[in-house]
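Dropping the structure in here first, questions after.
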Amino acid sequence: MSLDIRAGDFVSFIGPSGCGKTTFLRVIAGLEEATGGSVSVNGMTPDEARRARAYGYVFQAAGLYPWRTIGRNVKLPLEIMGFDRAEQDRRMRDVLRLVELEGFERKYPWQLSGGMQQRASIARALAFDAALLLMDEPFGALDEIVRDRLNEQLLDLWARTGKTICFVTHSIPEAVYLSTRIVVMSPRPGRIADVIDSPLPRERPLDIRDSAAFIEVAHRVREGLRAGMGDDV
Amino acid sequence: MSLDIRAGDFVSFIGPSGCGKTTFLRVIAGLEEATGGSVSVNGMTPDEARRARAYGYVFQAAGLYPWRTIGRNVKLPLEIMGFDRAEQDRRMRDVLRLVELEGFERKYPWQLSGGMQQRASIARALAFDAALLLMDEPFGALDEIVRDRLNEQLLDLWARTGKTICFVTHSIPEAVYLSTRIVVMSPRPGRIADVIDSPLPRERPLDIRDSAAFIEVAHRVREGLRAGMGDDV
Amino acid sequence: QDDLTLQLKWVTQAQFAGYYVAKDKGFYDEVGLDVTIRPGGPDIAPTQVLAGGGADVVVEWMPAALAAREKGLPLVNIAQPFNASGMMLTCLKESGVESPEDFPGRTLGVWFFGNEYPFLSWMSQLGIPTEGGADGVEVLKQGFNVDPLLQKQADCISTMTYNEYWQVIDAGLTEDDLVTFRYEDQGVATLEDGLYVTEETLAEPGMKDVLARFVAASMKGWKYAEENPDEAAEIVLENDETGAQTEKHQKRMMREVSKLTAGSDGTLDPAAYRRTVESLLSGGSDPVITADPGDGAWTHEITDMAADL
Amino acid sequence: MSDPPLAAPGAGTGRSGRVGLLVWRISGAAGPVLAVILALLAIWYAATVWLNAQWVLDQAARADRMAGFGDILRGTLNQERPVLPAPHQVAAELWNTVALQPVTSRRSLVWHAWVTLSATLTGFGIGTVLGIALAIGIVHNRAMDMSVMPWAIASQTIPILAIAPMIIVVLNSVGVQGLLPKAIISAYLSFFPVVVGMVTGLRSPDAAQLDLMRTYSASRAQTLWKLRFPASLPYLFASLKVGVAASLVGAIVGELPTGAVRGLGARLLSGSYYGQTVQIWAALLMAAFCAALLVGLIGLIQRLTLGRMGLAR
Amino acid sequence: MGVVLAVWLGAWWANARLSAARGRVPRLLVPAIFGLTLLVLWELTVRLFGVPGVILPPPSAIGARIADSADILWTDFVQTFVKGALSGYVIGCGAALLTAVAIDRSAFLKRGLLPVGNFIAALPIVGTAPILVMWFGFDWQSKAAVVVVMVFFPVLVNTVAGLAAADAMQRDLMRTYGASWGQALIKLRLPAAMPFIFNGLKIATTLALIGAIVAEFFGSPTRGMGFRISTAVGQLALDLVWAEIAVAAVAGSVFYGAVAAVERGVTFWHPSQRKRNGSRGG
């Protein structure tokens, strides 16, 4: 299985539960060993990339440390990477503004709603400004409205900063709306069923989702998924 | 706040996180007291209805008891309500067939995938054949494909048995696809923003979702949600 | 047959051989008694057992018995098989203690749990404070064994002529390594191992007769044990349920105990009683007993009846 | 109290029910365990020499001799009354009192262990039943929750060794003797971990699980039996492991004021009384073996029960 | 008998009423009433049934004794609690924490030391105390040693369990930052272990006090709570015995309460602590 991700791409992975999306992301991040084949991230092995702190990772669940305030959670990677105090504060404030959480830095995670926690965890991954963002169903637990808003903001951030983003989701509209390429995966054994290069422009208002081109791509994704399914649940 | 649910209706509740959907369902179920106003279920107070075991409740998470097999989880309400052995077995088999889980009665919940667990929990709510079903985001944790399949089955069940169903979701397509009426709620204070009677026929194949009528209703729901939102997240 | 329960002061050992012999040889049966013997231990206060009704008769030292009497538990001595004290203080010669004048500044091991009275009254007669300091002695609550001496944590420890002293010897020290101070020799001896009952028990109808038979049979047991020390020790060993006692030690103990019971027919010597009381009363600022218990604390009635049987 | 389960001696041991996996685990753990035991033995021997040397030197001085290193080695490893007996001395004593004596003999450590174990098991039974009953009361009755819990904590700060004789005397005066007083002391020590664990356990079902029962309008008894009790089992077993070890200590403590005539407590005490350190250590190890056995037994029952319930993953 | 039952029922009724109320006052009042009831029942039983004072003194006599012998009780408290129990507690818990961290670094130690440790923890105190007195002398040092032995393993086992408590995702997060072992320990695993550590520390409080007192039964200077208890029993001064026990119970409860209070401060974020603020009946 081989896949080529270009710098500046927004790649989505979509597929049925258990097909290995999370595993794939973890291999890229050097958190797990590939069972076969090799992965390289900008010419480094995943493990080297991890040590070089070359990427930010957003997990499926927010995974904030409950004993730290939101502000200190965001500062956590900065502390570990040895940024100085003032810089830590500055960056923390910047990214919290980015995800619209200014004013909440003194709160504890469990005092915030699920959506706010998820945004804080995104802020944490952005804080140290890695060129590669790995995001595992970051909006899975959120309701449609909040999700739409965050989708818009994520696209905006991506357009402004030119980061490379790998994004796992199980929502077809989300994948189609966000990506420049969509990787459709099939279950057991985890394989790539289809890779779709999106014809949509980079600039995407929310109502692009009612456009014909959008519905066309969504349809292709759905077909790709169904083909790989058999009667697996 | 007042709402009239007709017997045999399929009513969906949709609204942003924290707007009180779950609370509303719990009040109907007599699990919580209404802060104002009154609720009656077929002429009974919710608490009386609860004691009369007039409804089945499906929680947001499957909530199976991990120390019971799937079969014994389904039998739990039957044991409590004092059905005899043979009847318990018969009903358990019936409802498990209904949710396509025959053959799994000896498995423990953790041996099943999330989708199967959720179906087992639906079977449990169906086992004692209450006329009213209360379902709180029963498919929230599932991926799109499995969700589609379960949506179809639920519609089928509803059509065959003529139950009344109250259904909470945060997916617009799901709400539109399933319901005869859609209640759109707005946050703080939890209010009903819109009640939409669906023009879709009772018989609904999956690709009705690409029909114009469907997209029209979905659009109206989205507008209703957006109107209630302000800049709350 | 009449039932009677005897609570010993300490674990099963030759110190109580007379009672075990009387039971084993059928002396109690002969006088129509069914006697249960309860061993004691470091956690058992015989006086408390008596107060709780767990026993009819106890073996106790007189200082503890008189102190209990002052606390409101009216104990009466009905017989006194031991007419001499076996208590002593054993010191390491290398510590330089040669006489009681050398005690100040030393560390001494003492038994507590009601057994501290003879020591305390001796020290107060010597005028040595027991709270430490340069002219006082440092007192340690000695555990169950003689280790403090062997480990040199104390200069002197309390020993009995029949027991702990020989444990020190067994551990490898010789008599020449040790200096001993017998309470008898120091003139501060108090009566040990008497038989006590409460006044209520004594007043029960028919009880005096039972007690008289008990004392008579027990004294017969003691005399038998004095004459047949090895057999008595064997009997004790058979009754030891812990299985921890050794034959050598018990036989030697029996011979030493015989020296303390020799010549006693169980009758309390009123002069010895007075000596004990004086010694306990003379405890300076902190006497063991504050008032003379008078002659209600003992009776010859039982031993007299026993002699007539 | 708080959520994390009580740590039992034996907590942290795996829960795998598969025999094969078990064997694998044991053999996998054997290497490190063996290494640690060997290291401990080495330290033990070194400590034996070090702690017993003083006596050899003293004896030599008393005899006006000089003690060389060889004398010290020889003199320390086989003393009759060592400060610390050497491992082989303890092993020999264990062998003599366990293997070479008929089990009915008073010199058999097995017999004494059995005496202690019978009191332990009786007390453990009483303590467990009492603990569970109290926990059920506490969970269902607010007044009991608020009033009993602080006093249950206070009760455990009372030194048992201090009141054991009084318990014995009081029971004695109402005619209770023999096994029961020891068992009661042992129950006193074991009920507390059970209460604490069971209260946490019975409260462990989350709100959703309880709500399910309410939608069925299940009675309190049904909720207890079908939800709270099964949910509490993992906590119960963790506390039972602590409780059974506490019971054993209770039984041993209870043996002292009952005349200390038999049982491991009596062996400890008489060993201590006659300065027979070898006997003390043998009894000590035997007690630890018993505790390990009991904890292991409960672990086994736990694996079987939870395995049958599908809770052991 | 009737009186005793009436008192019990009356107090229970008051408590049942009170506990229905919420807030701070009933929280303190209910256990106090319960305790007072016990004391009154005790006093009544002793008086009505004429239990001899040398077996069980009434609470009034114990109270009088506490007032009379305050100086003795204080010296004993300092000797046993401050010198013996506290120092042993600090040393034992500290050593256990360090060992736990060491064990945590090495899987080998973890698999080897824990089972053996559990075995050693099962050695009954009645056996170890005389040995430690023999080794460390008669003063508080040997008591502290007994306490160290008693508290070491509960704290160790809990801490080791706690250090494993951080969930996989929290650990993975540290790995994505390329954090060192030390950074992960300080920023993640120790904080996450705190609820477990405190569980061990709380168990250790009661063990420490009991250990220090019991060790004095096996040899001590002529002061200390355990010394006084055993001596007073021999002298049939049961009121003094119970006075010491009362001091022990109060000191132990306060010690436990203090550790629990620190726990609330440190693990404020843990669900079991958060639940306490929101009021939800069982």
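Letters A, B, C, D and E mark the chains in the order given here, with residues in each chain numbered from 1 onward.
The rule is simple: a contact is a pair of C-beta atoms (placed from the backbone, for glycine too) under 8 Å apart; a residue touches a chain by one contact, two chains touch by 3 or more.
According to UniProt, the chain labels map to these proteins: A, B = ABC transporter, ATP-binding protein; D = ABC transmembrane type-1 domain-containing protein; E = Binding-protein-dependent transport systems inner membrane component.
Small disclaimer: the values here were computed from a predicted structure and weren't measured.
Counting only chains that touch, the fewest steps needed to get from subunit A to subunit D is 2.
Counting only chains that touch, the fewest steps needed to get from subunit C to subunit D is 1. The chain with its CA mean position farthest from that of subunit B is C.
When the interfaces C-E and A-E are ranked by how many C-beta pairs touch across them, C-E comes first. The distance from the centre of subunit A to the centre of subunit E, with each centre set as the mean of the Cα atoms, comes to 49 Å.
Our note on geometry: subunit A versus subunit C, Cα centroid distance of 86 Å, whole angstroms. Look at where the CA atoms of subunit A average out and do the same for subunit B: the two points lie 31 Å apart.
As a whole-number value, the distance joining the C-alpha centres of subunit B and subunit D reads 52 Å. Residue positions of subunit C touching 2 or more other chains: 42-43, 45, 48, 51-52, 143-144, 147, 151. Subunit A has no residue in contact with two or more other chains. For subunit D, the set of residues touching two or more other chains reads 83, 161, 165-166, 169-170, 173, 256, 269, 272. Applying the touch criterion to all chain pairs gives A-B, A-E, B-D, C-D, C-E, D-E. Those residues of subunit E whose C-beta lies close enough to touch subunit A in the complex are 169-170, 172-179, 183, 187-188, 191-192, 194, 267-270, 274.
By the touch criterion stated above, subunit B contacts subunit D in their complex at residues 26, 29-31, 50-53, 55-57, 59, 61, 63, 65-69, 76-77, 79-81, 108, 110.
Listing the residues of subunit D that touch subunit E in their complex gives 1-4, 6-13, 28-29, 31-37, 40, 51, 83-84, 139-143, 145-151, 153-163, 165-166, 169-170, 173, 203, 245, 248-249, 252-253, 256, 264-265, 268-269, 272, 277, 280, 283-284, 287-288, 291-292, 295.
On subunit A, the positions that touch subunit B within their shared complex are 16-18, 100, 113-116, 142-146, 149, 170-172, 210, 215, 225-226, 229, 233. Across the complex, subunit D meets subunit C through its residues 54-55, 58-59, 62, 80-81, 83, 105-108, 112, 161, 164-166, 169-170, 172-173, 256-257, 259-262, 266-267, 269-276, 279.
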